[in-house]
Structures are given as C-alpha cells and as structure tokens.
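Single-structure report; data block below.
Labels A, B and C are assigned to the chains in the order they are written; within every chain, residues are numbered from 1.
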Amino acid sequence: MSKFTNTIALSTFIATLASPALAQEVPEHGVFILNSLLFLMAGFLVMFMACGFCMLEAGLVRSKNTTMQLTKNISLFSLAAIGYYIIGYNLMYPLGNWAIEGVLSGYIIPFKDSALLEAVGITAENADDLSHAATGSDYFFQLMFCAATASIVSGAVAERIKLWPFLLFTLILTAIIYPLSASWTWAGGFLSEAGFSDFAGSTIVYSCGGWAALAGAIVLGPRIGRYVGGKTIPMPGANLPLTTLGTFILWLGWFGFNGGSQLAMGTIGDVTDISRIFSNTDAAAAGGVLASIIATQLHYGKVDLTMALNGALAGLVSITAEPLAPSIRAATLIGAIGGLIVVFTVPLLHKLKIDDVVGAIPVHLIAGIWGTLAVVLTNSDASLGTQIYGIIDIGAFSFTASSLVFYIISTVIGLRCSEEDEIIGLDAAELGMEAYPEFSKSP
Amino acid sequence: MSKFTNTIALSTFIATLASPALAQEVPEHGVFILNSLLFLMAGFLVMFMACGFCMLEAGLVRSKNTTMQLTKNISLFSLAAIGYYIIGYNLMYPLGNWAIEGVLSGYIIPFKDSALLEAVGITAENADDLSHAATGSDYFFQLMFCAATASIVSGAVAERIKLWPFLLFTLILTAIIYPLSASWTWAGGFLSEAGFSDFAGSTIVYSCGGWAALAGAIVLGPRIGRYVGGKTIPMPGANLPLTTLGTFILWLGWFGFNGGSQLAMGTIGDVTDISRIFSNTDAAAAGGVLASIIATQLHYGKVDLTMALNGALAGLVSITAEPLAPSIRAATLIGAIGGLIVVFTVPLLHKLKIDDVVGAIPVHLIAGIWGTLAVVLTNSDASLGTQIYGIIDIGAFSFTASSLVFYIISTVIGLRCSEEDEIIGLDAAELGMEAYPEFSKSP
Amino acid sequence: MSKFTNTIALSTFIATLASPALAQEVPEHGVFILNSLLFLMAGFLVMFMACGFCMLEAGLVRSKNTTMQLTKNISLFSLAAIGYYIIGYNLMYPLGNWAIEGVLSGYIIPFKDSALLEAVGITAENADDLSHAATGSDYFFQLMFCAATASIVSGAVAERIKLWPFLLFTLILTAIIYPLSASWTWAGGFLSEAGFSDFAGSTIVYSCGGWAALAGAIVLGPRIGRYVGGKTIPMPGANLPLTTLGTFILWLGWFGFNGGSQLAMGTIGDVTDISRIFSNTDAAAAGGVLASIIATQLHYGKVDLTMALNGALAGLVSITAEPLAPSIRAATLIGAIGGLIVVFTVPLLHKLKIDDVVGAIPVHLIAGIWGTLAVVLTNSDASLGTQIYGIIDIGAFSFTASSLVFYIISTVIGLRCSEEDEIIGLDAAELGMEAYPEFSKSP
C-alpha cells in the first residue's frame, strides 16, 4: 500500500493513543481476565463458607447428632451443585440454553454436553461476553451463593430432621426456590426494576435461607425436652472450638461473598470499591461481636461466646445488603445493631417455642431484614418503601414455598425422625457411626 | 533525525497497533504477572491441602495415635520442602543449576546461594522466561504438588509405622521417586512424547502417592487385631468433624491444584479454561459425594459419612487428569464413578487384608487410575492405549521403587513399631504426648 | 486540522511507543489494580491468621479455659478493628484525616463519615495515589497486621487473665502502642531514616507482640501450681489437633503476611520478588519444624509435637524481617535457627518462672529478634548496629508501655482472676459455658 493512504485514520488513532487517560487504561482482555479472576477468587472463598457453616453447626449440636450434621452439610453442598446446575442457574439467568435439556438428551450421550461453559481455549472473539467475564467463573461464583442459602437451613432444623427428606428439600431450594427469588433482583426481574437494592444478598441469600429455616423449624416443631413448662432447657453444643472455627471461616469467606458481588475488578473504580467492601465487611463483623459481648455482659452479667459468634455473623449479614456505600464507622454501627438483634431475638424465638438449634433465624433472617432496611441509611438511591417491598416479596415467597415443600415432604414421606431415634441421637439411629467414639459420655 | 526516515517501520508498527485485537491484548508484562499470580494463588491453596490431609488423617486414627499423625504430617510437609529443593525440583526440570551443588559448596558459604530463584528486583530483560512466569512462583507451585504426593502415604500407613523411618521414606519419595516419575510427563519426558495425558496429576500425583501407600501398607502389614478370622474389625476414627474439615479444606485446595495446572492466566483463553476447571472440579467432587451416599444407602441401608468424604476426594482425584475438557455434566459423572469406586473397593482391600487406615488407596490409587482412563471420554487427543501405558509405567516404577525403599528401611532400621507400642498407641509409646489428654477414655 | 501539524510530538510519541520495553509494560491502571489486589488477597490471608492464633491457643489451654480463650480471640480481633480504625491507622500514617474526628462529630451524624476510604466508584483522577493502590485495600492489609500483634498476647497470658481487663489492654495495644512503634519504621519515622530493616515485621509485629506478651506474663505471674519446688508442672493443652490446625492456618496466612509486604504486584520485579518471598517463607517454616524435631529427638529422646509446631512459627517469624533477599537455602537455615531457639528458650523461661502458656515469647519475641539480626546475613543494605538499635528502641518502648498499661489495669480494676476462679476454670467461673460439655473429665 502507499505510504499514507490512511492518514486520517492514522491521526485519529494516534490522537486516541495520545490521550493519557485512555492509553493508561487496562486493555479489554485485562478487564475480562481480572473480572474472571475476581469470580474465581471470591468463589473459592465463598465455597469455603460451606466448610464454615458445617463446622459452626457441628459444634453447636450435641455429640449424638454430630455425624449427621456433618453428613447433611457435605451432602447439601453437593446437592446444590446438581440442583443449581441442572435447573437453578438457567432459571435465575435465562440464557436459552438449559442444562436440563442437555441432561435429558444426555441420557443418551452422557459425556457430550457443554451447556454453560465456554469452549476450551476460547478466543476473545468467541467469549460469551468479552466486556464481562468467563461464563464458567460467573457460574462458579453464583453456585456458591446458592449453596450458602442451603447451608443456612441445616442448622436450624438440626437434631431431629431425617437425612433424605432434608436433602430433598435442599434440592428444591437450590434448584427452584432460591434461583427464582434471586432472579427477581439479580437477573433483571421485577424487584430490580422496582429499585430494590440488595448488593450481595442480605435478603436474597440470607433472609431467603432464614425464611426456609423458619419454615422448617415450625413444620418440625421443637426438639423433645427443649421447652418444658414455659422454660427453655439448654442443650449446649458439644464442641465450641469447632463453632468458633466455623465462624472465622465464614468471616473469611464473606470477603469473597461481598467483595465478589462487585462483579468486576478490571478498573480503578471497581478495585477501589472492592477495597471499601472488604474494609466495611470486616468492620461490620467486628461491630457485631463487640455489641454482642457488651450486651450479654450488661444483660446477663457475663459474656456469651455463642452470642459473640452469632454476633459476628449477624454483623456480616447486616452489611451484606450494602457493603459499599457506608463509611467504616457506619458499617461498624450497622453490624453492631445486627449483633444486638441476635442477643435480643434469640429469647423471643424461645417464647414462640421455635427451636432453632444454631440461631440461624436471628442471624440470617432478622439481621438480613435489618441490613436490607439499613441500605437507605447510606445509599441515597434506595428508598425505604422499595426495600420493604422487596423484603416482603422475597419473604412471602420463600417462606410460603418452603413451608409448602416441608409440609408436603412431612405428609408424604415424613420429615422428622421417631421419638426414640431423637433420644438415641441420629448418629446411632440413622447412620450407625459416632462422631467422637472415644470421647462422649454415654447418654 | 529527519521526520520520516523510518516510515516503513513506522507504518508496519502502526498497522500492528491499529489491529484492534492486538491493541486490546494484555501486555507481555501483564501476562507474566498474571501467570505468576496464578501459581502463587493456586500454590497457597495447594499448600493448604497439607492441612487438609493432616486433619483428615488425624480424625480417622484413634486418639492414641493422633499426636503421631499430626507430627508426621507437619514433618512430612517440611521434609518435602527440603527434598524437593535439594534434589527433586532439578531432577524433575533439569535446568543445569542444581541446588544440591549449592548445598555442597554452601557447606562453606551457607547464606550465599541463589539457585532456583530469580534475582531480587529483576527487570523484564533478565527474567528467566518472560513469556511464562517467575521461576520462584513455579517452584512454589510445583513443591506443593510434591508435598501432596507425600501426604497421601501417611494416612495409609498410620497407627503402626515409626516416625523416623516414615520420614526417611518421605525424603526419598519427595526428592527422587515423585520428581523422577513426574518428569516423564510434565518435563517433556518419554510419556509426554508418547502422548500420555494427565492434566493435573490423577496418575502423576495421586496414583503415585497411592502406589507408595499400597507399598507401605503391604510391607507393614495390617494393624494388630484388624483382621480376625476373616472378619474386619472396625477401628473407628476418633474425631469425624476433623475429618470433615480436612475434606472441605482439600476440596478448596483442589481448585488451586487443578486450576493452577492450566499454568497460565494471562489470556482470555487461559482464564476461561481455569473457570471451566473450577466448575468441573466442584461438580466432580459433588458427584463423588452423591454417588457415595446413594450407594451406601442402597448397599448398606444407611449413609456412611467416611464414604461420603472419601467419595468427595475420589471425585476430585477422578477429574484431576482432565478437568478442562468435560462439560459440568460429564465432570459430575466422572466424579460419581470415582465415588462408587471408593464404596466398592474398600471392602476389596479388606478381603486382601491390606489395611489402609484412611482409604487412601481406593481414593488416590484406584480413582486416580479411573480418572486417567476417563480422559479419553472427553479429550479426543488422548488414546486409551497411551493412557494405560502411562498408568502402567508410573505405577510399576512408583510401586517398585516405594516397595524397595520401604523394604530396605524395614530390614535395615525397622519400619514398624513394636507390638506393645502399637497396643499402647504411638502417642504414649513414641512421643509421650496425648492429643486429647482430658477426653479419651483410658485404653 | 492539517495532516501533520503535530509531527514532532507525533514522532516522539511513536518513538516512545516503539520502545519495546515500554510498549509492553503494564498500564498504570493495571498497576493500581494489581497492587490493590495484592493487599486484598494478602489481607484475607492475614485475616485468617486470627483464626490460626485462636485455634492454636484454644488447643493449648486446658478444656476448663477453652471457651474463654475462644472468646478472647474473637473479641480481640474485633477490638483491633475499632482501635486501629479510630486512632491507630492515623497515628501510624499521619494523613491529616483522623477517623476519631469523624467519630466525635459523628456522635451527631453516625452514618455520614467517610474517613480513610476513597469515594464509591472513583475514577483514576481522584484516586488517593494512582501509582500505588486503593487506600481501602491498604487499610485492610495494615489492620490485619495490627490484629496479629494483638493475637500474640492472648496466648501468653491465658488461663488466668480476666476478660475485660485483657480487652482493655488490647484496645490500647491496637490503638496506640503498635501503631506508634510501627510508624517509626513503616511510615517514614526515625528508624526508617536510621536504616533499620524489617521487611514484614519480625520486630515491628512479632517482637512487639512478644514484648507485650512478656509484660503481661510477668505482671500476672504464673498459673497456680505451675512452678512447684523448682519444678515445672506440665499443664498439657486439651486438643492438639486444634493447635496443629492453627499452625497450618498461620503458615498459610504468612504467605500473605510476607508476600503482601512487598506492597506492590504490578511489575515483573514485584511479582518475582513476591514469588521469592513465598518460596523463602515456606522454606523457613520447614526449616523450623525440622530443626525442632531433630533437636527434641536428640535432646529429649523423643519428638515433641508442640515444639515442632512452635518451630514452624519460629521459622516463619525469623524469616519475616527479610523474606526477600535470602536464597531458599539461607531461608531454611534462618528458619531452622528459629526452631532451635524455641527448643532451647522454652526451658529458660521456666527457670525464670515466666509462665507463657503457648510459647509466644520464644516464638515471637526471641525468634523475632533473631530474624531481625539475621537480615544482615543476606541483605547488604542492613547493618548489625542499626538492627540492634531498632530492636532495642521498639523493645524498650513496647515492653515499657505494655508493662505500664498492664500494671495500671492490674492496680485500678484488677487483671487476674481469683484463685478460686482459676482452679474452677475461667469458663465456668466467668462465662458459665463449657467448650466441650460432653467430653471433659470432671476436674
């Protein structure tokens, strides 16, 4: 070609390059890589929350039910992977490419489907969305959110629910209930159109799980001997270090949960926002712990470790709806109020004879509602009315659907173990395996 | 200089810049940084697997051997760092710069060697391989693989092997056996030339460790009282929450293990592949758990937690040879078959009176073989014959070498503790320290 | 415009672009993002160290004090977030924008302060320091260092210190003592001007915490029955798997601690340095373990697990002052000497009747001093005199200040629990909650 046939284009192009701001920006491929990396990193942190929930719950049940609690947790996390893959993900983000179709057709060609995942060794031109992230990374991250929702339920219904009916509920929760209600906000549904604001899911994940936990606790009824003559009989967990470990793991995982919900890390603005989110998430958890220990000291005359741990979690749940806008101080206060909520709603549940073994309902449902309302304190785009509207919609749906499913399971195949099994403990009765065969005192 | 002396070069250069695809690519430095970051991030995840193996094993031994199991695990992980540094890494990747030379000469100048690591504050021009990653990051990642191989062995030979002979074996495994056999595939050796395909090491890491475990279990023989009159006497682990914790940690670490084996994260294609790998790794573990719980329910009439946990690991081992090519569905199925393998080969080992305390042989060796064969189901570049060829080569070498080393140690310095020590427990007999001094029932 | 009005600028500009080195560099935004990502990733790893310390300590106390140890750890980590936010961070890095001002004015507008954090959705032009990282990411990382300092103290003073006085000390340590002494080196203070070299804080974090631990142990005095007639009565920890877990978690977190202290990841040189640091950190920990197990085998005739675990930590502390300059071999040796220090100074403390429940003083204080001195072995910019000068300055200040605070608390509100409470155990006496209600033998 002649030397400068293209001079006008050239000068335009050079002008573009010469603009310092643009020349310094991260190239498009870099944005895609960094966004995907965020999903992967945040995703493995949220994955580890499954371990956190498992340890938390395993420490809060009695040793005669510990093996069962461990079994439920590893199984529910696995079932979530199936439920969300086959139906949930596509129900949540309608992409016109349902994995379940593949599963059905796959009845014939089991190893030949590739729904959801981009092709191996893909180039920029063929990436599903070059301006966003790898679909597989997004799927991985979203799956972990779905699994977290399911983890919440298992603690509340512990020590009396049978294994397989519980897993059946988990499958329906992860395949249908959570994805459907989450789609209303996070997949451009009617709540996002209405302006409902729930950054990382105080309501969408935690309250949803909390409502399901409440439904389960109500349908099941309290453990034998829990409420006697208007009194609540303590049934202390067998292993508090395990519960503390679980709490720290959840605290760690929450950086992924909230930070990853920024959904992008490829610009100055995004990584700075994630940094705010990390700082605020930590502050809120700290606020929750401190409020809990002060409140239990003042109210009961002594600090209560399980309240402190649940205070941390309540602080985390509270900041989840808006971890970005608050200052660190506001985040601390929002978390502290979450911690107070735990201290003062646990006795309330006892009055209602709702037996929530690990405190999942105060932590996830009630602090989740508080966090969703608190958005309006720091984010001027949110309105109190819309927040309440979202809380009610998701609450009504997830509570009704969960109650219905629990009730049907209870009626058709049975939900609760026999009285005898409950007294012996589910480990011996249902699994024939002790969690601590050498330690436990005989019952 | 005159204005346009260089016009031809210029127009070529501008043409290059003007090609949108190229202009958007991540710059070479960015690729190097992102690749190194992958190794560091995946490396710390794989490092944490050492903790996972330790907890898994500590929970599955009886309390009288728990301190010993903990001691072995922290020690083997430390020894791997020495063995792989001094000999292993250079045996695996011949770079002409052996750390052991440094060690020998370093007898004189102990603080002045810098084998393996690039200089402090290096520039792009002097980086060992600017198109790849920092050598230190690669070393860190590879070391963790070597340590994982060693971790596998300790569980199978638990409760009867003496500490120092075990550590001597570990040193030889990490300095020589693993690096040598790994080099055949991962450092351009004859198996890679033959087309053997083992993405992240179902055979190279897990079967290799599994063969060593089998060799150890055979040379040692079963624990006293394990097989009596054709019956297998249960010897339940003392702390199942610990085992569950270990399994979750391993599951977490496996994202680094398989994801990091992509070896690059600086392009659209690489990060998208890593995203596939994360999703498939999770799916396979989930498949392993679900297959195990269903199979134990059907086969034994109750779910077995240890089988479920080993099912997760078997699923993970199974997908390790090819975590990239499968769809999520295929990955789930591959993992599920791994889970079934565990359920049905554990009794087989008992029939052969091979006493594998934690189930390492079914999980790592047998599921590792399955995973390596399963590559041909989804990766059309792999051939069944070559896969079998690789499995046999690595198996024959690692089993023979391990057996020989175990046998020589056994003959020369002794491998197994005395009968009396075994009955008392290794903690009291060899270490004089109880793991749970306040809990355990007296023996 | 005319075609080439701007030719000179153009040719300069093109010459710049044509320089391969520059054209390939990571753009400025990318550097900012990668640096921030380093802080976030390293920060969450260091955050997890709080869990590591908690598990380590909870396993080393007796079961009658376990709930208290867990309570102290979750509370101190939370208090650090307050102390460092309100005063510490600005005391350490004077930015003219004190959060405490906000807190005071915030008495009136609690949700409206934004000290420390950059605005939501910030652009490059408004970032606090475009050449560095997001302020929030830096804050998050630095906060975790401050919290680590506080975690060190709780183990040494365990089993006899009352909860609230301990927390009061923590608040002063994290708000004032640590930030002030850290500012002397890390915020351009007189020690950095003097050339004191402490890369990630062997002295600044670990010795500082160790001095505070020593002050607390001295002011409190030993546990009842610990030293009787010149003999040290063993008081074995209740749960060694927990301690081992804590050690592995700390080992993991240390990659963030040392690696993140590179403070940048956006260039070839930085990421390569971080890779060196990861490799050296692992080598030093391994060296510490191996030296400990060999030394205890030779010295006591048997390997001591708690020494091995503390050996790992001592190795890590030792390499923290200079994890970058050493070769892997030198790092192994530096860590090994740290491991030996633990083995041989633990008995020394017993002779002095300083009762350090978890070995924090040998591990953090003495190995920290060793590590700070060892800098001169591999980093030619450091001088022995200056290292000693820094050790003395920080030691004198942190020991004096801590002693004073402990003494004042002891005199004014009381520090140590009653004799009766100590014998019963703090869990029953102060908290009314057992850590293992079903396992522990009655006292």
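Brief remarks follow.
We take it that contacts are C-beta pairs under 8 Å (C-beta built on N, C-alpha and C of every residue); 3 or more make two chains touch, one makes a residue touch a chain.
From a predicted model like this one, the values you see are computed outputs, not experimental measurements.
In a view that ignores chain B, the other chains are joined by touching into one piece. At the chain A-chain B interface, residue numbers used by both copies make up under half of all numbers present, so the two copies contact each other through mostly different positions. One inter-chain figure worth recording: chain A and chain B are separated by 30 Å, centre to centre, where each centre is the mean of the chain's CA atoms. Counting partners per residue, chain A has 14, 17, 27, 30, 37, 41, 239, 245, 436, 439 as the residues that reach two or more other chains. Taken in their complex, chain A has these residues touching chain C: 7-8, 11, 14, 17-18, 21, 23-27, 30, 34, 37, 41, 45, 62-63, 236-241, 244-245, 247-249, 251-252, 255-256, 259, 265-269, 271-276, 278-280, 282-283, 285-290, 293, 297, 302-306, 308-309, 312, 324-330, 332-333, 377-378, 436, 439-441. Residues of chain C touching chain A in their complex: 1, 3, 9-10, 13-14, 17, 27-30, 32-33, 36-37, 39-41, 43-44, 47-48, 50-51, 54-55, 58-59, 66-67, 70-71, 73-75, 77-82, 85, 99, 102-103, 106, 110-118, 120-125, 127, 130, 133-140, 143, 163-164, 239, 242, 245, 430-439.
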